[in-house]
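Encoded as structure tokens, here's the structure I'll be asking about.
Each chain gets a letter, A, B, C and D, in the order it is written, and its residues are counted from 1.
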Amino acid sequence: MSVNMKVNIAGVEWNNPVTVASGTFGSGAEYSDFVDLNQLGAVTTKGVANVPWQGNPTPRIAETYGGMINAIGLQNPGIDVFAKRDIPYLKQFPDTRIIVNVCGRSIEDYCEVVERLADEPVDMLEINISCPNVKEGGIAFGQDPKAVEAITKEMKQRAKQPVIMKLSPNVTDITEMAKAAEAGGADALSLINTLTGMKIDVNRKTFALANKTGGLSGPAIKPVAVRMVYQVAQAVQIPIIGMGGIMCAEDALEFIMAGASAVSIGTANFHNPNVTLEVIDGMKQFCEKNGVKDINDLVGCVK
Amino acid sequence: MSDKVIKNVVITSMVKVTDGIYSMWIKDKDLACNAKPGQFVSLYCKEGSQLLPRPISICEIDRENETLRLVYRVVGKGTKEFSKMNAGDTIRVMGPLGNGFTLEGKKAILIGGGIGIPPMLELAKSLDCEVQVVLGYRNNDLFLKDEFTPYGKVIVSTEDGSVGTKGNVIDAIREKDVQGDIIFACGPTPMLRGVKAYAQEKGLKAQLSLEEKMACGIGACLACVCQSKEVDSHTHVKNKRICKDGPVFYAEEVEL
Amino acid sequence: MSVNMKVNIAGVEWNNPVTVASGTFGSGAEYSDFVDLNQLGAVTTKGVANVPWQGNPTPRIAETYGGMINAIGLQNPGIDVFAKRDIPYLKQFPDTRIIVNVCGRSIEDYCEVVERLADEPVDMLEINISCPNVKEGGIAFGQDPKAVEAITKEMKQRAKQPVIMKLSPNVTDITEMAKAAEAGGADALSLINTLTGMKIDVNRKTFALANKTGGLSGPAIKPVAVRMVYQVAQAVQIPIIGMGGIMCAEDALEFIMAGASAVSIGTANFHNPNVTLEVIDGMKQFCEKNGVKDINDLVGCVK
Amino acid sequence: MSDKVIKNVVITSMVKVTDGIYSMWIKDKDLACNAKPGQFVSLYCKEGSQLLPRPISICEIDRENETLRLVYRVVGKGTKEFSKMNAGDTIRVMGPLGNGFTLEGKKAILIGGGIGIPPMLELAKSLDCEVQVVLGYRNNDLFLKDEFTPYGKVIVSTEDGSVGTKGNVIDAIREKDVQGDIIFACGPTPMLRGVKAYAQEKGLKAQLSLEEKMACGIGACLACVCQSKEVDSHTHVKNKRICKDGPVFYAEEVEL
């Protein structure tokens, strides 16, 4: 039986519903030793800002039980280098869509990047609103519904590509943020970003990360991610890219059945560089085994 | 195209070298053929609560028998899991990773401190110039020391003064007035700082092998960066990736 | 070297800083086959309401990666049976303190239980404010700072024992809730309660729990718990009982060093019924090994 | 005081009974001495991502050799881990747990469906009355069937009709007109519902062994409750704890 794995996210067709979580995959070059990037539905790049960011001091990561915390600090070379180097690199893989993740310290930063990308051959933009809003005393854009709606509107006014708003899970009510993004005109949502965590090295009596706190990711957080994807799927009409601890095809299918139209794989790449292809393959096999002709038929099938 | 591989390989030997330090030989043609001194491999845990691979430096390369030797210290659950494995078991490994040492110089000073000693062994075997080895230990537990003697003069420093020069590797080099035209060093950052200062003082070239907590091990995640003197050509900030651009850097390239 | 393990929580002295997380240990009877309850710093009971609660339909629990989700629904026999049976049972263990966890569907429910307990020989009350406030449309008391302060005040007006407010982690800013509890007069705080999660059985295409969502616990969530304990320790003056995924002494010490004066062990009891005693022992050994004469010297030592 | 123990025990045998079903013998004096038919044990995984113990019913008790037999189906990662273990390995176990069957009656009808069949074997051996065994299978893969023949007449139903009565265990009982004064049953809830209805129809006493997802396994966490007809003396609501008050209940005690 042939299974349709193609999905359409806000008007952009992916060959399959699997991309990578921003920051875990660079711009693909390093993983191309293990993964044919043409096989991925999309590549989501590491976050890029208007200017180069130095990132945080080290240690930047620490392993936790069934996961990890990271505080890379969104180190990136800035949009100019990115446009000159990373986009042309990814254009060598015509079968995969290009999603550029955008970060900033102020709305102006984001706007600059989005405008700069307007005429670049990228397919979608993912806006990371978990960055601290420096002008507002450092609370993340994504933790205030008004800020979410405002920044979404700004992005939509300038973007020529569909805009995916990436939501932070560190909130009381994720549906409030999702609705705010939808109200601001978001074309799609991706969730969840990492949960804020901390690890202490009791023998050294110090924080495991130089930044003290870091973003918790990995299978440890999957139940929180699936719950939020389900809640958001009930609350908004726009498509959802689900992520948070996907290690295998069954994990990915949990997100799909909870209401995600596509999924991102992040931390699992560190544990198994081939995981993305294994997940795509496993999802296809599941459909064949269960007589599912179209992966889209499984989206939100558990209610 | 890269010569990196990821696969399950067979452990051909696992022995305890001394308290908390183990020596593992793994068999794989690709790894043995492609590996260079100063490179490392990533070992994966079977235990599912530990997802990140453990970077382990390459201690010896036996191309004839297609095996690699990894000498590692048990510092956590992951390395503890490895230490409990036996010859015949399989282990998942990715490598070879990193740049490795550049083989150069006429009279080399190899400096290893603590668990920075193992990578110096393959280097000592690979250099075709006069080799002097300076090893820094905590105490008279001189693991691997005797294995260096075939390749050059071995000088020892111990923190407690029980053997050789009391103090660190630089103290030993000064005391024994070790001469050379290049330094290769691996060890804790404070030691590398001392080595860098000594190299500058003597106007010596120095290759330093750095260490940092890693996630992907292949340069994608930017976890294991070190401060570089100049803006790095890849990151376009003053950061170099230890797992990909390193772990070996010329002393003047990096801020320690 | 003799190490002092005694801690004083809001005027109540515990022989050591280890108790159990409410709901994982019943009232101790079942675990007394494995654990001498006199060895625990305190026993925190399963939540008790003013009347018996039936709880949720089954399945009520599901395993997740490095943790579990549960939706027991606070089944309990009600305060009358509890006072007649469970309190006298626990009084047989004079060395351990008795902390009664209180739950309700309305402030009135809570008040009734607290008043009923006023003259009972229990040492402390822990108020579970993660229950949905039925009159307010089901949002949990613990997710609204005004509600947190209000319910804390009501508890303090009626309680004869020190009041521990147990905070929900499903909020944007945990320090806001902690400060509200402190403003309401709370004598101590305990955190974190479980993170709301969900699991989907992809083969059966159904939720793993009859309740759809459940509370995520276990080592998977420890980094979130440690982070919140640290943040709260910087924000309030009252003592903190830290919990969330403690499996061993090192885990417990993370919470202590982050600012908790005591810790609770929950999910780990299911994995190892002896874990509480092993943690107490391991903390003591850590102190001996590191020349720490008083466990209290480690509280909040990482800043 | 309770006779429950928790300890690491040695696996004396591990064999595959049929596709996806394994038979494990574990050795422990306390477990073997204290266990009763219808009780279960909790097995703990070594893999750290799976924290909850797996409740497994006791299939046979060999007091002479101080061993217990556990026959289980591989349904997830935990049972898969068990199935990969070998004789000589140790496994952590807690038990015996639950109440077990009450041995009574003059002419007993033992009914097992699917993975509810194993606990019926020790029961068949323990009852000192006439025993008839009715086993429900999916197809002609009749695991354990022959092991029952020494203890009584064995009747089989298969869903696909390949062996015995086509249909379920009740169909077989009616077709073969099986008579008795008490029923003991273990199997999926729909089967137990049918058994309860049949017992009521015939005015027979029936002991049913129930199943539910468990966490603590000892009655503390209230995860594995079943609806009881009357307010339960412990919970004071209409819930009984399968792990502690059960897994065996008289049909009239519980709502299915």
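Keep in mind that, in the parts below, a residue touches a chain if its C-beta (ideal position, glycine included) is under 8 Å from a C-beta of that chain, and two chains touch if they have at least 3 such contacts.
A quick note: this is a predicted structure, and the numbers were derived from the prediction, not measured.
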Chains contacting each of chain C and chain D, listed by label: A, B
Geometric centre distance via CA averages, chain C-chain B, whole Å: 46
For chain B paired with chain D, centre-to-centre distance based on mean C-alpha positions, whole Å: 56
Approximate Å spacing (C-alpha centroids) for the pair chain A, chain C: 34
For chain C, residues contacting two or more additional chains: 65-67, 219
Interface hub residues of chain B, defined as touching at least two other chains: 48-50
Category of the chain touch graph - line, ring, star, complete, other: complete
Chain C residues touching chain B - in the complex, by the definition given at the top: 65-66, 219
Residues of chain A touching chain C in the complex: 64-67, 69, 143, 170-173, 195-200, 202, 205-207, 212-214, 216, 219-224, 226-227, 230, 245, 247, 250, 253-254, 257-258, 286, 301-302
Footprint of chain C on chain B - complex, ascending: 48-49
Chain C-facing residues of chain D, complex: 1-2, 4, 6, 44, 48-53, 94, 212-226, 234-239, 244
Complex contact set, residues of chain C against chain D: 23-26, 30-31, 33-34, 46, 52-55, 58-63, 65-68, 70, 72, 75, 77-78, 81, 218-219, 267-271, 273-274
